[in-house]
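Only one structure is covered here, and it is reproduced in the block below.
Lettered A, B and C in written order, each chain numbered from 1.
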């Protein structure tokens, strides 16, 4: 009897049984996930009250600088002094992280990229924004307003922060002649010339880039909206990416990785951001970039307010501040993107900043397809047959293998 | 007051044990295991086809996906394979230095070596991975060093991850082996010599069996740390480990069920590993 | 143990190779701390001390370092307390489920960080509804640090003969006094070793911390956020180098403490080893 009791497997067995029991109980009770359901739970306020004394933000690194990174880079301290709203920022490294953080309901707002915005809206994690309460909204480039990635059924869910494009960059010493099309990374005949040196952005949203290429080169697929792909179009894009993988040396998710890859000769051609090209050229590397003939995907981040914001007034004040001409100019220059506010172009330290980033060049941005979260609703006569983001994630997992 | 409490506990060993354990066990069982349980309940849920919301009904859909789709099987195999490779490599690399520290070095040298082995634990894991990235790159330090020989760094993702992870977890293997070897009485080794065994035989038949539990103890760390890592694969390679898939499914994709289902793989593997390790006596050697 | 000269030299070579393997990448990090360029190229184009100045000015780095030290100290303290309690219970008493404790305690560190992180995050934010911050960081770290202290202490307790404690009781001491005057001093170095390892674990932890830190930045979180920004990369290298150099101090001190013990206890423990039941 005592030997039976002392058997060493009892312990772990006990744990597993206990776990299973707890699991059954919880499954029965329904767990603790509190989804607010739908996207029409919240409403935008009609007027602002006094500041609540603090605001908790989730932001990309470089969007909310208070001088602790570089004493000269600071557009937060004067905001805090003027409004009395103490800014606390949590740096998100990826869209996934930001969405997970927003779901906790502990933050007032987030600078969301297009691949996350619709997910946040659908999940009820963010509220609509009353743009009348954001005076500086009036000066934002018209082309940035009412975009599908942050406006649903005519309701605005955020304030545009800035924008940028995913351009094609190459090392002219290795890649000749200068490419004018994405075929240099997608066409097997061309891409294989640079086998092991091609690079691509490491995110499921890159599937849209493949769709962009197919839109031009395989018109029989009928792709129009690169973010709304039905079964056939999606599979074609995945196949193209699997083929591309054979030439890819590495994928990059943080831009330091791409900067170093090009500087060290590990990559010679692939998707890039303008700021990466600038950095490499600053350090003496030989690179060039272009907007290829098919166009490109791009991004425009949106400041969104949480549906559970504890400090909504401060959040509105922040949103107004970050798109004010001075602050927007500062952040656009520090981060390396085109500002959202038209008036910012006169205020950047580098007078050519807006030209380099094509800030006022609408013919440039006309050819850019801003990141947006793929949803079931194709938005046209195909109905509700398009692939959702979680399916994009599974597809991307397959591509990378 | 102290005396009163002492009187209360006197002669009641179970009460004493209970009081001692209530803190740690309470936290671990209720908070940690409880939340693990909640997490794994989610693996039986699924995303609704239409709304992409999490549906709480019971379904084995996720596990079917994991088993049927090739890519998840190969990712799991890759993760476990690299973990095993790293463990074996670290065991081989750690043994000489651990043996030297335990049995050969003078106490002054021993002190220096202990410090030398432990110090890297304090340097940031992230910085070490970034350093390796540059070392392994095309025009990096390793190629620069190998150039005169005419060799260049092999290209594969697995090679890079194997190298980097063996590097990262090496101190975790050295310390338990060192501690385990220290516990082998010198008298045993002298006895073996007296009985006529050459050092090689003594090593094979006396040291290795006695040190084996310690090696297994160290391997718990190297294996589990490799199994769960997703940062190094992202930074140093283009390939995916289990952790990467879990991570990408949890965020925007909101596919917590699939992520939780895939997360059960390393958990099950580790629990099995721990059970085997305990059998081999490793728990006394940690 | 007597080794032939040849074996000795092979052993020495093995040690040298391993040490080189461990330290060359650290040397590379050290070199990059002086790197002129913002990019990590090889070889570095030039050397400069500029980044050191910038690192000292950097408020974010200083705050992160302080938070890491704070969290590490607190987590280690809790781990010492809980780990000692648990190991005392397991080593000195027998009760139902005793075997399980060792298994239970190692789970937080053996399971993948992302699983532990997600689980603890769910507990904090949903079940307990508490704000993420220093408290949750410390709790999370203590959870996986317990095992390190537990294992060191329990190994020591198992080797320590209970006859000392019995003698103390015979002489009239109550359990608390016995613990304070007999058990604790003998455990001292095991505690130190465990504390050191626990602190190191906490100081460098990134995955679980990301899920439980809220807006606070520990040093690893700060590093993660800044490594991907080329303007900040050199400062990160400086910070890393300084941390490595500074860490030599506590490690050396800890080893001195445990060395004293082993010299005096060597004879006794050797005898205990020989007669111990495996």
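Miscellaneous remarks
The definition used in the following text is that contacts are C-beta pairs under 8 Å (C-beta built on N, C-alpha and C of every residue); 3 or more make two chains touch, one makes a residue touch a chain.
Just so it is clear, the model here is predicted, and its values are computed rather than measured.
Comparing the centres of all chains, each the average of its CA atoms, the largest separation from chain A belongs to C. Note on interfaces A-B and A-C: more C-beta pairs are in contact across A-B.
Centre-to-centre spacing of chain B and chain C amounts to 15 Å, using the average Cα coordinate of each chain. Look at where the CA atoms of chain A average out and do the same for chain B: the two points lie 33 Å apart. Chain A and chain C have Cα centroids lying 36 Å from one another.
Residue positions of chain A with contacts to 2 or more other chains are 8, 12, 15, 32-33, 97, 257, 260, 264.
Shared interface positions of chain C, defined as residues touching 2 or more other chains, are 40-42, 101, 103-104, 122, 127, 224, 227.
Among the residues of chain B, those touching two or more other chains are numbered 29, 33-34, 36, 38, 133-134, 137, 139-140, 247, 250, 274, 278. The touching residues of chain A, counted against chain B in their complex, run 8-9, 12, 15, 18-19, 22-23, 26-27, 30-33, 35, 37, 94-100, 115-116, 119, 122-123, 196, 202, 204, 248-251, 253, 257, 260-261, 264-266, 373, 375-376, 384, 388-390, 392-394, 396-398, 400-401. Of all residues in chain A, only 5-6, 8, 10-12, 14-15, 32-34, 56, 61-62, 67-71, 88-91, 93, 97, 104-106, 254-257, 259-260, 263-264, 279, 283 touch chain C in the complex they form.
Those residues of chain C whose C-beta lies close enough to touch chain B in the complex are 1-4, 7-8, 11-12, 14-15, 18-19, 21-23, 25-26, 28-29, 32, 40-43, 81-83, 85-86, 88-89, 93, 95, 101-116, 118-120, 122-123, 127, 143, 146-147, 151-152, 155, 158, 174-176, 196-197, 200, 203-204, 206-207, 219-220, 223-224, 227, 236-237, 240, 243-244, 247-248, 251-252, 255-256, 259, 263, 270, 273-274, 278. Listed in rising order, the residues of chain B touching chain A in the complex are 29, 33-34, 36-38, 40-42, 44, 47, 50-54, 56, 58, 65, 69, 71-72, 74-75, 133-134, 137-140, 155, 234-235, 237-240, 245, 247-255, 258, 271, 274-275, 278-279. Contact residues on chain C toward chain A in their complex (touch as defined above): 37-42, 54, 57-60, 63, 96-97, 99-101, 103-104, 121-122, 125-127, 131-132, 210, 214-215, 217, 221, 224-233.
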